[in-house]
Amino acid sequence: MEPGHTTSTRPSNGAAGPTIQLISYSPSDIRELNIDDIEQLPSLLSQPDMVHWLNVDSVDNVELVQRIGEMFSLHPLAIEDVHHVHQRSKVEEYDGYLFIVVRMAALENDDVVTEQLSLFLRGHCVVTFQVGRPGDCLGPVRERIRRANAPIRRFGADFLMYSILDASIDSYFPLLEQFGERLDELEEVAEAPRVRGLIGELHRIRRNLLTMRRSIWPLRDAINGLLRTDHELIHAETRFHLRDCLDHTVQLIDVSETYREVCSDLRELQYANVNQRTNDVMRVLTIIATIFMPLSFVASLYGMNFKTEVSEWNMPELSWRFGYPFALGIMLTIFLAMIVSFWRWGWIGRQSNLE
Amino acid sequence: MEPGHTTSTRPSNGAAGPTIQLISYSPSDIRELNIDDIEQLPSLLSQPDMVHWLNVDSVDNVELVQRIGEMFSLHPLAIEDVHHVHQRSKVEEYDGYLFIVVRMAALENDDVVTEQLSLFLRGHCVVTFQVGRPGDCLGPVRERIRRANAPIRRFGADFLMYSILDASIDSYFPLLEQFGERLDELEEVAEAPRVRGLIGELHRIRRNLLTMRRSIWPLRDAINGLLRTDHELIHAETRFHLRDCLDHTVQLIDVSETYREVCSDLRELQYANVNQRTNDVMRVLTIIATIFMPLSFVASLYGMNFKTEVSEWNMPELSWRFGYPFALGIMLTIFLAMIVSFWRWGWIGRQSNLE
Amino acid sequence: MEPGHTTSTRPSNGAAGPTIQLISYSPSDIRELNIDDIEQLPSLLSQPDMVHWLNVDSVDNVELVQRIGEMFSLHPLAIEDVHHVHQRSKVEEYDGYLFIVVRMAALENDDVVTEQLSLFLRGHCVVTFQVGRPGDCLGPVRERIRRANAPIRRFGADFLMYSILDASIDSYFPLLEQFGERLDELEEVAEAPRVRGLIGELHRIRRNLLTMRRSIWPLRDAINGLLRTDHELIHAETRFHLRDCLDHTVQLIDVSETYREVCSDLRELQYANVNQRTNDVMRVLTIIATIFMPLSFVASLYGMNFKTEVSEWNMPELSWRFGYPFALGIMLTIFLAMIVSFWRWGWIGRQSNLE
Amino acid sequence: MEPGHTTSTRPSNGAAGPTIQLISYSPSDIRELNIDDIEQLPSLLSQPDMVHWLNVDSVDNVELVQRIGEMFSLHPLAIEDVHHVHQRSKVEEYDGYLFIVVRMAALENDDVVTEQLSLFLRGHCVVTFQVGRPGDCLGPVRERIRRANAPIRRFGADFLMYSILDASIDSYFPLLEQFGERLDELEEVAEAPRVRGLIGELHRIRRNLLTMRRSIWPLRDAINGLLRTDHELIHAETRFHLRDCLDHTVQLIDVSETYREVCSDLRELQYANVNQRTNDVMRVLTIIATIFMPLSFVASLYGMNFKTEVSEWNMPELSWRFGYPFALGIMLTIFLAMIVSFWRWGWIGRQSNLE
Amino acid sequence: MEPGHTTSTRPSNGAAGPTIQLISYSPSDIRELNIDDIEQLPSLLSQPDMVHWLNVDSVDNVELVQRIGEMFSLHPLAIEDVHHVHQRSKVEEYDGYLFIVVRMAALENDDVVTEQLSLFLRGHCVVTFQVGRPGDCLGPVRERIRRANAPIRRFGADFLMYSILDASIDSYFPLLEQFGERLDELEEVAEAPRVRGLIGELHRIRRNLLTMRRSIWPLRDAINGLLRTDHELIHAETRFHLRDCLDHTVQLIDVSETYREVCSDLRELQYANVNQRTNDVMRVLTIIATIFMPLSFVASLYGMNFKTEVSEWNMPELSWRFGYPFALGIMLTIFLAMIVSFWRWGWIGRQSNLE
């Protein structure tokens, strides 16, 4: 399974079939219908002065999708792509219609999942197929259509296509913002000692940013291609708006790239801190061990039990008048020698700080 | 030897010559033959209203390949490429025919191996040469041909070429999926302590992804080139399907790149954990050593055997009334001083966790 | 929130509305006005032989910006971009006018922040919208306009546009220089032992350089595009100057990239030093421990209290005539053996230095 | 000195001048001559129905090279490039002739060295200049020319040029294969503990692959350029073969890139193993020290010599009836507490393995 | 300040003005003059059959540079670039003349510094402006002009421009060679133990290579652009030579990139060695500590002073007949158990070497 793609198909409880919604509108009129019988469609779409948006809320029903494909004379390959819900975002031109795949983003358990939205633009009709969860990020488009004087009502189906595309792209911004805020928080703790879980958290964010970038990247190329070709379905005004759309994708890619770099940099910062810390810990250990091991040795030496009464060679120091001060003197000498060495090696004393 | 390429030539047991299979079909008719005598071929291919697919299952028989090359007037350089089975995927145009090399993927001992498939498209004929293992990933194509009403029966040899190409590319998807699932598993254990073999496993996956990407990458460029040129052998409908094929290669490259990045990230995560762990272990060691070395030294000190009876300078503490409590007091003081130091250095006490 | 973008909107104290400043000039004449009533504008802009620069100092007043947009017949999408102050730098062509977004840089608490400047060039008018802080980096442009014989007075509105663009780009140079000087300082301390905060400081600089590069990068492409198209609003002389502008952006990108690489290299250098240092510390510890642990063991051994009087098997060495010298001899032997081992392993003695 | 370039000029012992060899052939005829007097050349090259290959085996003789340059009217810049034997591979078009520089690869002390071969193609003549070692990788070309019915005899000088180019490129394959085999071996030992020299060996291979890639990379661009231009010296058949040549260079670059990546991956694998190992070693050390330091302290404590007879405060435990079992009990308690701690921290017990 | 750029302006002692040198030559004639009065120039440049090279040795004198700019009708922007001596290398076309900026390289305290050379080519005149140090790398050009039959005397001002460009580029080669030799030396010591300063030295070389690459990179693009346009100032012969020039820049970039990669690889090699070494040191420490800590503990245990006469529970071992051998036996057992463990863990015994 690809990371960041939704796999769960919507649990289809027996009764409820896939929701098919038709919104038809003209500058002066609007009509919203839930379609139960697919065969009604041709008559419903017969008004040429209206823009029709047919939204199918689940692609699980294979026959339904096929039937709609036939009604709009869509190419079997495109219909196949509707079913395979792990497509990359793309814009494909067919004779007389456009096929667009775009991935909408959402957050599931703090992880980004993307859901495929397949869109056909043919004449006055826009047909969209979604995977499962109904209407998440297209709500604002519906709202705008319902408003009597909204600009969208004055333009054609290509503007509707743009609005849907734009709404899908806009679904990425709040997610990205959320990761940005999280990174700001992490940046503040990254220099603190011993932050457990930081690296794991950075890893998670990086992976999510990767998912987002992968979904957006192909869309940028696709929109760019659409703008360059002189497609008769796309009018001049829509073209301006698509350029804006392109700007948004570029910004999304740009920001997610930046965040990924920030992740890497924070990881390096944390590494460096752990490394520096290990070095500090080691130095303390070494200083303590280097001082006390020789001292303990001297103490152990004079703790030996060789019998002084047997021979004058056996530990005569023990019977010296100043034996104990002598031993203490040796220890003090060793101690001072060590301290001086550490000082000269720069292990103790004030370390240099950046001014 | 290049990594990821099959080297073992098929063990050719005496009797069985290379299998040559000819499938000829038209919308209404189909004929499958195993060819024993190569010289029969010209008469078998003489029906111009049928599409002929000649599949040679082993390229070891040099004379056979040469002979077929002559029959179809193929360029010696192309025939040479058929023999050298480590070619990169490519599409080459010759006068009047196309030469395509594509690598089919399979799993051998958990490692990806790729096998060269050489394909010629000339007029109504498609000639394919395989290295060894018969028919693995082309089975679905044969099945589709055998079905009476399948679309493939209605189209020409270029569509057959596309179908074979598509089947070869499809052989990568289950492998990629398998690595993806493995990575999901590894991601879950990557934060666990001490996972032996994780780095090695990640290394193996990375290498396999590299092999796959290397096989697919040139194919993308080749198909792209084929789509851009206006080759008369490729009809409009096939062109649509080749565009789909191109989409698949792009997706394969995209996903394998992503997985490679995930591998790197997991490796970094594991490094960071090991590093953090080493730091933790060191800290415990240092704390223990720093506390007990001075204590042991004091104990050793009063374990020295200087004779107190010889001189009042020799360890008078031993004869003090509160000598022992005095020594214990020194030790306790050292112990507490250490604990306070560790506390202030942030070595002990609650570490900060990410909320 | 995106890093490096100003978020704070200007605190708008009740009375003071947004400052709108109009500078109109011709080679011989100049007039500066603070506009209070926006409806005066049409009459003020009616002189066709003058160049008009209308500067709006805050984009918070939505109605005001909308009204100005209507006056100059600007596209709603462009006006929307004026409000959304996190745009990437860009140059967009509309029918009859140009829309330019550029980000001006400033330092806030040692961190780079960039502020959006939106600019419209229509006929003889240049309209600029700023976010908040008035006139920072455009002061020099105003000064030049006020000078009687300045070249800018002789050229048209396109030259004014260039001058504003150039001043915005020039705002990056002192910042970049400052980071360059800081890096020179850091380079000198990077080889010193134990520089606390170096890695954090490098991290901060890298992040700031990233912010700057991200702001400049799109501008380069935009100016490049402007130069390539044959836009009638841009005259030949301005074109020469825009080429110079482009040079500056390329240099900014180039230098910031270099500095980022220097940051990485310094980080690696510091890592290597910490690593080398840890190794040195460990070696000292190991040498001391390896010498004194066996010696202490021998001393402890002869500190055992087995009763020699009970049996001749119990520590007869204690009663030897030369028991103590014997023990000292063993210790000396161990000590010398260790020293020789260390010497042969290259742990002690002069290390090799680069000549 | 550049890495991977031969520097040693051939030791020219007094008598032997540079070897100049002329091979002239037509489909039916062949003639091989060693030229002593350069002035003979014009008459020898006067037969227009033959292809002439003039091979100069040393570029040290400056006058000779100059003289040949004059005979063939070669540009002084090209002649200069013949003398400077560290050129990058390239194809340059001059009026009426082609100048090609290609680097032949060989192994010297296990390291790749590349030797410059300069080639001029003018009319029916091919002139080649080598640096020193005679005829290494061009032997197969000579062999093929000598065979009566070889295809090379039927084609013109451009085909000879191709054959020499191809032979030069083919000199890289066995070297690359050798490194590939070495990497396979190294991969097997990379997971073993403590492989001394592995990193150094990987470094050596990486450097050699870099040398090879650098020599091949520019050649790919050069051949590509040659194929794209419509040069009259290159016939259609040779063009097919040059395309094959190009394929080989692309494959060489591709494989060497892959090997370089494998090198990096193996290096990372080895790092990770060393890191993991260091962690293991540290853990053992810490466990041992953490257990025995407190135990030894307790033992030392009761080894102190405070005089119990002086005061009841002095080590009364020594005179307790169960003093010794009491001390042992303390030690056992400490030991068990430590073991339990280690167990809970996951330092001891079965570590998790990947299934 | 940018790294690698000279900042020190030449100390201008009162009397000596900037040196202005004019060399005028034709195939038959040559004249060298030091110009004191700039107003003489127009008459001196009036001979149209000669090529004139005016070299200004310091750009500090602002009025002088301005005046020369006016004499040759140079664009103010170009003159500004002459003053700003941190320009990137570039070639700019103006109406009727070319403006070229190139950076000459020199070594200062072992570090690469680059000095800006600004060059104008207008008709028969070449005007060059240098920053300070006179004539370093242009000496060879002057020498060639002075030679009576040198090719440069036969060609026009464009060839002089090429010669100056070429001399500037050639100033990089000895520097690069020097770094290459240094890297060869470092490579030999990189595997040696404890090379202090290696990482710092590699850092220094990397930074210098970065400086060089940054200076050369834009020049490559500029010359490439010059070759592609069909500028009337550049004749066919000069074009051949510029192509050679381009080759040199490509080679410089190529080699400096390679050296940078070698630097990185050497750094990695050194890291790996330090890491491996730390591991070795730790292992020795752990082995020693693991062996002697338990032994010392046992010895300390029997050094406790519990009074055996008080109770039979107190250290009865001290009075055993074989108490001492018993203790030694325990120690030996521990020792052997440790050695066997180490052997099985692969910590001692012959490590595996690469064959």
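Chains: A, B, C, D and E, in written order; residue numbering restarts at 1 for each.
The rule is simple: contacts are C-beta pairs under 8 Å (C-beta built on N, C-alpha and C of every residue); 3 or more make two chains touch, one makes a residue touch a chain.
These numbers were taken from a predicted model, which means no experiment stands behind them.
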Legend entry - Reaching chain C from chain B through chains that touch each other, fewest steps: 2
Inset, instruction - Could you tell me which chains make contact with chain A and chain D both? - result: B
Inset, instruction - List the interface residue numbers of chain A and of chain B, divide the shared ones by all numbers used, and answer same when the ratio is over half, different when under half. - result: different
Inset, instruction - Superimpose the Cα trace of chain D on the Cα trace of chain E, which carries the same sequence, then give the rotation angle to the nearest 5°. - result: 70
Legend entry - Between chain B and chain D, centroid-to-centroid distance (C-alpha), Å: 24
Inset, instruction - Would you mind pulling out the distance in Å between where the CA atoms of chain C average out and where those of chain D do? - result: 39
Legend entry - Multi-chain contact residues (two or more partners), chain C: 275, 278, 282, 285, 289, 293, 296, 300, 303-305, 315
Inset, instruction - Considering only which chains touch which, label the overall pattern as line, ring, star, complete or other. - result: ring
Inset, instruction - Enumerate the ring members one after another: first chain C, then chain E, then the rest in ring order. - result: C, E, D, B, A
Inset, instruction - Mind listing the chain D positions that touch chain E in their complex? - result: 1-3, 75-77, 81, 86-88, 90, 92, 94, 186, 189, 192-201, 203, 206-207, 210, 214, 218, 267, 270-271, 274-275, 277-278, 281-282, 284-285, 288-289, 292-293, 295-296, 299-300, 302-305, 308, 315, 317-325, 327
Inset, instruction - Report the residues of chain C in contact with chain E in the complex, numbered from low to high. - result: 177, 180-181, 183-184, 191, 240-241, 243-244, 247, 250-251, 254-255, 258, 261-262, 265-266, 268-269, 272-273, 275-276, 278-279, 282-283, 285-286, 289-290, 293-294, 296-297, 300-301, 303-307, 310-311, 313-315, 346-347, 351-354
